[in-house]
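In the two complexes below, chain A is the common chain; its partner is chain B in one and chain C in the other.
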Partner chain A sequence: MDVRSQIAMVFHLDKCIGCHTCSIACKNIWTDRKGAEYMWWNNVETKPGTGYPSKWEDQEIYKGGWGKRNGKIHLKGAGKRRGLVNIFYNPNLPVIDDYYEPFTYKYLDLIESPQGDDQPTARPVSLITGKPIDIKMGPNWDDDLGGTPDYARNDPNMKNITPEEQEVMFQLEKMAMFYLPRICNHCLNPACVASCPSGAIYKRGEDGIVLINQQVCRAWRMCVTACPYKKSYFNWHTGKSEKCILCYPRLEAGLAPACMHSCVGRIRYLGVLLYDADRIEEAASADDKDLIKSQMDIILDPFDEDVIKAAKENGIADSTLHAAQASPIYKFVKQWGLALPLHPEFRTLPMLFYIPPLLPVMASVKKVDNTTEADKKAPLAKKWNNDWIYDTSTEELWGKLEQIRFPLKYIASLFSAGDEDVIKEVWKKLMAVRIHRRRVTVGDITNEKADNTLSEAGINAEMADAIYALTSLPKFEERFVIPAAHREQAIEMMDFTGDTKGATGFGFKSKVKRGV
Partner chain B sequence: MAYLDNFILIALPYVALTVFLIGSIYKYTHRKFQFSSLSSEFLEGRRLFYGSVPFHWGILVVFCGHLTALLIPRGILAWNSQPVRLMVLEITGFIFGISMLVGLINLIIRRYTTPRLRPVTNAMDLVIYILLFLQTFAGLWIAYSFRWGSSWFATLLTPYLYSIFTLHPDTTAVALLPWPVKAHIAGAYLIIGILPFSRLVHLLVLPLNYLWRPYQQVIWNWDKKKVRNKKTPWSLQRPENT
Partner chain C sequence: MKSLFRNLFITAVFIGAGQLTAFSQSGGDAIFKANCSACHTIGKGKLVGPDLSNVENRRPKQWIVSFIKSSQTVVKSGDKYADSLFKAFNQMPMPDHPNLTNAQIDELLAYITKQSSSAGTATAITELPPGNAETGRLLFLGDVRFANRGAACNSCHNVDIKGSLSGGALGKDLTHAITRLSASGVAAIVSGLPFPQMKETYTAHPVKPQEIADIVAFLTTVDKQAPANPTNTVGAYLLFGGAAGLTILAILYSLFWIKRKKGPVNIRIFNRQLKSA
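Coming up: the complex of A and B.
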């Protein structure tokens, strides 16, 4: 057992309001630079939708992530053979148009235009060429447009959904959607690291953050292809790849990453997970249907005596162990089994987990015959050919999972490699928590019914209360349990403190060196 | 004429090699960030295929051919002792040279007709394009008009290059070669000389290490076990990766 610690995250999708505050916080700190204008290390997508870059989930196009052949995993679009053969021209590289061409407006024209009959306009200009452009796409162009033909219908997750089911979704297109905030997953089996020919990308041993060494990156651009989540970006100006750094300078100072700190819906949780590094390859090579289970299996119990002993032998600090025991991630992912990895079938073992959205389950969809109704109105009113209506009259409070507005298959295609039972389990628990809390706070539900739902979901009242507390009432310190980075040791390791005495503060600005 | 010969065949190589060595070492130690292939595929990903692929595979084979003649001249001569094999070698080289030229022309047209590539194109790129074009063109011309290059390279140029490397330059044989060959030699030195200061630096950092490194890389900032051991004196824990 090779115990390592990893900073992991949970995003609670039911709480996401799609405000993009996280994206803006990240952009202002990290990617507001030439060559990085188009990058959104943190972005929020509307689902169903094609996402950013367009159709990133479709690995038929981009060949991201790992595939499995004869029981062994291999990089789909990169790797030692394929990567080096395609090094002169990478056929699966997304280009700038798959994201969007960054632009600004000529605001000065509004002020400096000569007097005339027309209102002056600020024309959009490309941030690459500086020439006027017709904007075809922009950041979050598909925001809230989940149902429009261009986006939802092209969602790669739709391919397993029958046309009838799709029709149901699209009839509701103006109502049903949810937001999917995405950052780098800081995977345990990162495809970007494996694909980098120059070895510039690495996983930091201490906390598992995946970083790109800008001094070593040579623009072979294999990581952009290999990352199935398209979270490694190519800076066209510097000729280097860049990606989310999980705000490691903030983490080392005990602060939450900017996107998490600023989250308005408080959907984000961050904490330590302990895992067994010896079993990474085995976990990533599991069958599609076992992938979630195998990933959960290598996450270790921080209260287990053997794990603690092995962790200490591996040099994991006591403070990190304490953080792992208090980790909200461990609770959501392992103890309660509520959070799932996004697209586990990419086999990168992502360390960002999502609590699948329950969505408003109160309503169902019915097919109706409204011709008589329409005939009555004619010719006064326009005839609508809406045969599908959104029925809110449920027999039971909150309706049933089977009546949910999104096909289970769709959510399953996102979070469980198509396994609907996994999603159902999670949803049952989430529903049980709500019903239990309704009993406690409103009291219009019988004890019998509430207890039945709880036991069906496989949780007890105590656990439901804990889930409720961490979901609805968590304080900052409960959402972000950041282990001490032990910077004092890090600094001592980077430099012998005696050497740099007098080289900081008000003393000399550079290292005091003797001679030439 | 002798002055020009001496300049091209003796002065230029030493200047070029010195600049190359010092420049590369300086760049690698002090300006490592500049080591990049500066790929523009991200801005234009369709026409690049028709330029980059024929050019790179072409130059790879042609360069390896030159290198083989330099490293094992006897092997080349032995191979060439039969006319059929000589023809196979020469024609292969010529085809890859054509591929290189076609690719290069495509690359040049692509770069100067795509508006998006303007901001990522600098003066040095133009210099390289001109040099590489002339060099490729001269190479093909020589291969066509002064046969059989693979043999006389091994007999004339290899001893000359060795004489340069061993600091006893001997140009008596090479000075008699026709001027296109001399131009080709001069072009090679110029390219070597400006290599560290152009996007060609990516040649120096070919990712061969990738072939034998494990796929996953984990880097520890410090040795965790040592750092937590009270018996370890601080002075032993100097960083490895500064």
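Coming up: the complex of A and C.
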């Protein structure tokens, strides 16, 4: 058992309101530079939709992530042989138009134009060439289902959904959507690290953050292809690749990453997970249907005596172990089994988990006879000949799982490699918590019914209360349990601090010259 | 402080010595050897350029001075004598000598006048040992290295022979160099280095007399064998051969990467979008 610690995350999708504040916080801090304008280390997508870059989930196009052959995993688009053959020409790279060509407007033209017959306009100019452009798209062009025929209908997750089911999804009255905020997953089995010919990408030992060394990067761009989530970006100005750094300078100072700190819906949780590094390959090589289970299996119980002993032998600090025990991630992912990795079939073992959105049925569409109502109206009044109504009165408060607005298959294709039972189980728990809390706070639900749903979901009332508390009422310190970084110990592993003793502070700035 | 004085003294000595040598080299003899003898003799007949004996009797001094400083300026100014001279000597332009001062030119002319009266004492032509054309070919093409590691001739010059890659286009085509310049003229150029680019290239890596003889022997055979008007097909070969090679490579690459991602995934949407004119 090789116990290591990992900073992991949970995003609660039922709480996301799609405001993009996280993206803006990240952009302002990290990617507001030349060459990085098009990068959104954090982006928020509307689902169904093609996302950013367009159709990133379709590995037939981008060849990202791991494939499995003869029980062994291999990189789909990079790796030793394929990487060498394609090293000077990588055939699967996204182009700038797959992301979007970044632009701004010539605002100064509005106030500096000379007097003329026409009102001055601010033309859009490319941030790359500086020349006027026709804007083709943006990083969230399909936000809130905009341009559905082009974007939402082409969502790669629609692959296994029948045309009839798709028609139902996009009926105006039944249309539903949710938001999917994405950052680097800081995977346990990162394809970007495995693909890099220069060895520039590494996973930090102390907290598992995946970083690109800007001094070593040689712009082969294999990581851009290899990352199935397309979260490694090429900076065309510096000629190096860049990616989300999980705001490690902030984490080391005990602050939450900027995207999480600024999150309006407070959907984001961050904390330590302990995992068994010996079993990574085994977990990543599991069959598609066992992938989630195998990933959950290598996450270790931070209260287990053996785990604690092995962790200490590996040099994991007590403070980190305490953080692991208080971690909201461990609760959501392991104890309650509510959070799932995004696209586990990419086999990178992502360490960012999502609580799938419940999208409860709040209303239905019914056919009614409106003639008597219409006859009552004044002769001049407009008489609608529409005999459908949007009926908000449901028998059950939230309807049943079977009535859910999205095909189960769609959510399963996102979060469980197509296994619908996994999603169903999570949904049952989420629904049970709601029904239980309705009983407690409003009291219009019988004890019998509430207890039945709880036991059907496999949780008890205490657990439901705890889930409710961490979902709806968490304080800052409960959402973000950040372990001390112990930078001084990390430095002592590399250098002898005595060497620099007296080199700073009071005294001479430069060495005294002696001898000839 | 002591070492400072010592350094100053040494520097002074060196500067003084440098001026002394400069002085000793500025005599007419030295100026002639350094700048003229590659192409001109005094009383020994024409080489690359005309025999310079009694040159002051032929042309006014002012004309000679401006011709030495920049011959092509005089030729282009429409001076008939200069033009006929240029044509008579194979249109081989005489290099400019902007660094020679008027005083140095005076000294040079005085030297030439003095040598002209005792005709033939200043011999510019060094007798060459017998040359081997085959060795010359290897040296010219760079298959064998010059003893002093100078650059091979075909880095800059071309000759019209079969079975070898074409040489460079920086220098003149040397196929009929012997007809144009005579064997002794070619030898004088290689040893005297009158042209700035050759001077740059070979001053630190002088070509040995035996090697010069070999190259002259090689050029003589080339001169005899090659047709009078060499057809320069090198450019055409390069162009069409290159284009054909490029096409073949492009086909091979496009076959190898036939499954590559072609264009942006939303290309159909973009094509449909309205564009400003």
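We take it that the second predicted complex is superposed on the first by the 452 of 516 C-alpha atoms of A that agree within 3 Å, B and C clash if a C-alpha of one lies under 4 Å from a C-alpha of the other, contacts with A are read in each partner's own complex, and residues count from 1 in each chain.
As a convention for this text, a contact is a pair of C-beta atoms (placed from the backbone, for glycine too) under 8 Å apart; a residue touches a chain by one contact, two chains touch by 3 or more.
Fair warning: this is a prediction, and the values are worked out from it, not measured in the lab.
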item	value
Clash or fit, chain B versus chain C on superposed chain A	clash
Contacts of A:Trp220 with chain B and chain C, given as first, second, both or neither	first
Which of chain B and chain C A:Lys136 touches, first, second, both or neither	second
Contacts of A:Val95 with chain B and chain C, given as first, second, both or neither	both
First, second, both or neither for A:Arg33, with chain B first and chain C second	neither
Which partner reaches more residues of chain A (counting touched residues only), chain B or chain C	B
First (chain B), second (chain C), both or neither touched by A:Asn314	first
Partner chain in contact with A:Lys72 - chain B first, chain C second, else both or neither	neither
Chain C collision site on chain B, chosen from 112-120, 166-174, 202-210 or 220-228, when both complexes are overlaid on chain A	166-174
Chain A residues contacted in one complex by chain B, in the other by chain C	89, 91, 93, 95
Chain A partner contacts - residues on chain B that touch it in the complex	32-33, 35-45, 48-49, 52-53, 55-57, 115-116, 118-120, 202, 205, 207, 209-211, 213, 215-228, 234-235, 237-239, 242
Interfacial residue positions of chain A with respect to chain C in the complex	50, 53-55, 61-62, 89, 91-95, 97-98, 132, 134, 136-137, 150
For the chain A and chain B complex, residues of the former touching the latter	75, 79-80, 83-84, 87-91, 93, 95-96, 128-131, 189-190, 193-194, 196-199, 201-206, 214-221, 224, 234, 236-240, 280, 313-317, 489-490, 492-496
Chain A-facing residues of chain C, complex	253, 257, 259-261, 263-267, 269-270, 273-276
